[in-house]
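Please find the structures below.
Note that chain A is present in both complexes that follow, paired respectively with chain B and with chain C.
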Partner chain A sequence: MGIVSPGFTGRRRGGTELPPGQYLTRDFPVLSAGPTPHVLPEHWEFTVTSETGEVYRWDWAALMALPAEEITKDIHCVTRWSKLETTWKGVSLDTLLADVETGADYVMAHSYGGYTTNVPMDDLLDGQSWIAYEYDGEPLDPEHGGPARLLVPHLYFWKSAKWVRGLVLSDTEDLGFWETAGYHEYGDPWKEQRYAGD
Partner chain B sequence: MSETNYLDGNAAAGSLSELFAVDLTSAIAQCNGCGRTSVFAEAHVFVDAPGMVARCPGCDSVLLRVVTRPNDTYLDLRGLTYLRVPNS
Partner chain C sequence: MWQVATVTGVRRETETARTIELEVPDWPGHVAGQHLDVRLTAPDGYRASRSYSIASAWTASHSSTIELTVEQVPRGEVSPYLVDVLNVGDPLEIRGPVGGWFVWKPEQDGPVQLIGGGSGVVPLRAMLRAHASAGSTTPFRLLYSVRRPESVIYVSDLKELASSDDVDVRLVYTRDAPAGEPRVGRIDADVISEHAFKPGDGATTYVCGPTPFVETVADLLVAAGHDPARVRTERFGPTGGP
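Right after this comes the complex of A and B.
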C-alpha cells in the first residue's frame, strides 16, 4: 500500500515524469515582474564580474563567435506549469567561464530591467546552464527574455533570468529578487523547493 | 513597442485588503527611487509573476511586492518612502 501522498512523488503522464505539484502545458506562458526591456543586440553587453572585481565582457558579436549548442530540456515554473522538450540555442556557461579566474561558490545573475536571481556556481557548470538566444529555432522574443536569457533548466524557471546582462561571482550567498520575498534560495523542482523553508 | 503587460493599482486592492484595514488604492505613495508621489491606483501592477509587483509610474522602480505562500504572506515595502492614508 502506498503511504506516500501522490503530491509528493513525480506524476507519470504518457511515460513522462513531472516534478511534484506540476501540470503539463503546451503553450509558453509569459511571466514578468516588470516592463519588458527592448535591448537591441548592437547595444547588448554581457559581463562576468569575479569576486576580486575583475570584469570580463562580451558584446553580441563576441557571443555569436563562441561555439553554440542545441539544447532540448524540460522547464518547470514555480507557478506550477511544466513544458517538455523545449529547444534552445545558446552558449554554455562552461565556455563563457572557461577563462574567468575564480574560486567563487555563488553567482548573482543580473538582468536588464533590474531583476536578479542567485544560483550556486556548481549549478552553472558541467553542461547545466547556457546563455540562450534562440528558442524553437527563432531569435528569442523580448517577452521570453531576448535577446538573451540565462537558461538553468534543472532549477525552477525563475532562476533562468530573462534579459540577462551579467553574472557577479561571490564567496558569499546573496539572495535575488524572488528569493528575498519568500521563495526558496535554491529551487529544485524535484524536491518541490518553492518557498524558503521548503 | 507599447507595454501592456501591467494593470493599474486597483489590481492590487484584493491582495492588499487581506493585509491592511484601509483601502490603499487611494493612498498617496512616494517612490523611494525617484521621489515621485502618486496615488497608489496609478501604480503599474504586474500579476503574471510568482508574486504581485507594483511599480512607480514614473521610474518603474518596485514600490511594493506581495508573495502569497501557503501559510503566510511576504510584504516588501522597501520601495516606498511613505504611504499617506486618509484618517477615517
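Right after this comes the complex of A and C.
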C-alpha cells in the first residue's frame, strides 16, 4: 500500500520504458567496493576453470585474436540509474566457452582486486554476455573495469564484473561479494530483484 | 518492504544540505554506514526512488529514530524535494537498511580512518556516532574535504565528536580556508602521510564522496602502501569524465 508524497510532482519522461524503480542518467556512475585495480593489458590473463579443475587460459593477445562483436545494450545499476544504448566491443562468452568441456550450471566470476559475483551458466550463453574491452569506441577505463570486464547487461550491472580475470564453473551455486552482502542472488532488473528475498 | 516513516524534525546543515529526522515504527535497526531507499509518489501514482546514506547510529534507546542528510543535486528529481519541500509531520516511504560492506561495527578490530568528500561525510558521521554511543576506544580519524567553511556539514556535531580522546577530526579546504588555516587544496599524498593512519597501523579505511574524489584518494592510499583489501569505498555522482 502506498502513500502520496505531499507536494511532490516528479519529472516524467517519455520514450523507452525503464525497469521499475530506475531513473535515466546520461553520466556513467561508478560503483566499486574498493580502490580501482590498475591492470596493464600485458599483465592481464583470463582463465576459465571447469568443474573438473581443468584450466583454460587467454592472455591479452589471445583475447584480441578472437572474433569481437559490437554490442549496444541498455544497462541498469541496482543503485537505480539506467543508461540506454551503451556501446561496447568484446568477445562473446559463447566464443570463449566453445571449447570448454563442462556441464556446470553455475559460474563465479572473479576479478583483479578480489571481487566476485555469481551468474547462472544459462545467463552467460546464447549471445547474452561478453568479455568487453572497449566502451563507446575507446579502450575501457580502469574505473569502469578496464582493461576488460564481464558484460551481462540483462542483469543488474553489479553482475558485469569489472577487472574480470576468470570464471570458475561449478555444479553448485555459491554467492559472490554483493550477493553475500544483502543483494539478490540473481538480480533481474525487470523483476526488481535488488535485495535478498525480493 | 516499503514502510511509511514520519518526519519528526528537519535541520538545515548548509545552503544545500538538510538533515531529516524520521520516526520509523518498524525499523529493524541498522549498522553504521548502511543506506536506505526513499520512494516519492505523485498524486497520479508516478514514483521516483533514490538511495541515501543513514546519518545516525542505531541505539536501543531510540530504536525507531533515524536521520538522513541529503545534499541537493543540481537539477535533481528527488533531492530538491527532500531538501526544500518535505515538512515535519509529512509521511515518507522508505525501505532498508541496505548494504553490508561499507559498514563499521564496534566489535571490529583495528583503528578506523574515515575520509569524506562533501556529502560523502554522511555515512562516516554515522560511524562516528556509533563509535561514541558504543563508548568505543577504537582510535578514529576523520579527514574531511570541503570547499569552504560554509560547506561543512555537522559543524557542531564534529566539534563535539572531536573532543573525544579517541577521535581526531581534520578538515581540508579546497577553495577557501578559514582564518588561521594556511592550506587550501585537495587531499594529496602529503595530507595522507601526515594525517592518516600508516599502512602498518592495521587500520580499515572508509572513503566516501563523489567518484573522482574517491578514485583519487583510494589511488593515493594504495600508492602509499595501504592494503587495497582494507580500503572500502562508496562513490556517488557522475564520473566527471566523458
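Keep in mind that, in the parts below, the second predicted complex is superposed on the first by the 185 of 198 C-alpha atoms of A that agree within 3 Å, B and C clash if a C-alpha of one lies under 4 Å from a C-alpha of the other, contacts with A are read in each partner's own complex, and residues count from 1 in each chain.
Going forward, a residue touches a chain if its C-beta (ideal position, glycine included) is under 8 Å from a C-beta of that chain, and two chains touch if they have at least 3 such contacts.
Here the structure is a predicted model, which means the values were calculated and not measured.
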{"item": "First, second, both or neither for A:Ala181, with chain B first and chain C second", "value": "both"}
{"item": "Partner chain(s) touched by A:Asp141 [first = chain B, second = chain C, both, neither]", "value": "second"}
{"item": "First, second, both or neither for A:Tyr195, with chain B first and chain C second", "value": "both"}
{"item": "Touching partner for A:His154 - first (chain B), second (chain C), both, neither", "value": "neither"}
{"item": "First, second, both or neither for A:Gly21, with chain B first and chain C second", "value": "second"}
{"item": "First, second, both or neither for A:Thr79, with chain B first and chain C second", "value": "both"}
{"item": "Which of chain B and chain C A:Ala33 touches, first, second, both or neither", "value": "both"}
{"item": "Chain C versus chain B, contacts on chain A by residue", "value": "C"}
{"item": "Residues of chain A that lie at the interface with chain B and also at the interface with chain C", "value": "29-36, 79, 113-114, 143, 178, 180-182, 195"}
{"item": "Chain B partner contacts - residues on chain A that touch it in the complex", "value": "29-36, 38, 78-79, 113-114, 142-143, 158, 178, 180-183, 195"}
{"item": "Parts of chain C lying in touch with chain A, wherever the complex brings them together", "value": "2, 4, 37, 39-43, 45-51, 77, 81, 85-87, 90-93, 98-102, 211, 215, 218-219, 221-222, 228-229, 231-233, 235-239, 241-242"}
{"item": "Footprint of chain A on chain B - complex, ascending", "value": "1, 3, 5-6, 44, 46, 48-51, 53, 55, 60, 62, 65, 67, 69-70, 72, 74, 76"}
{"item": "List of chain A residues in touch with chain C within their complex", "value": "2-12, 21, 23, 25, 27-37, 79-80, 113-114, 136, 141, 143-144, 177-178, 180-182, 195"}
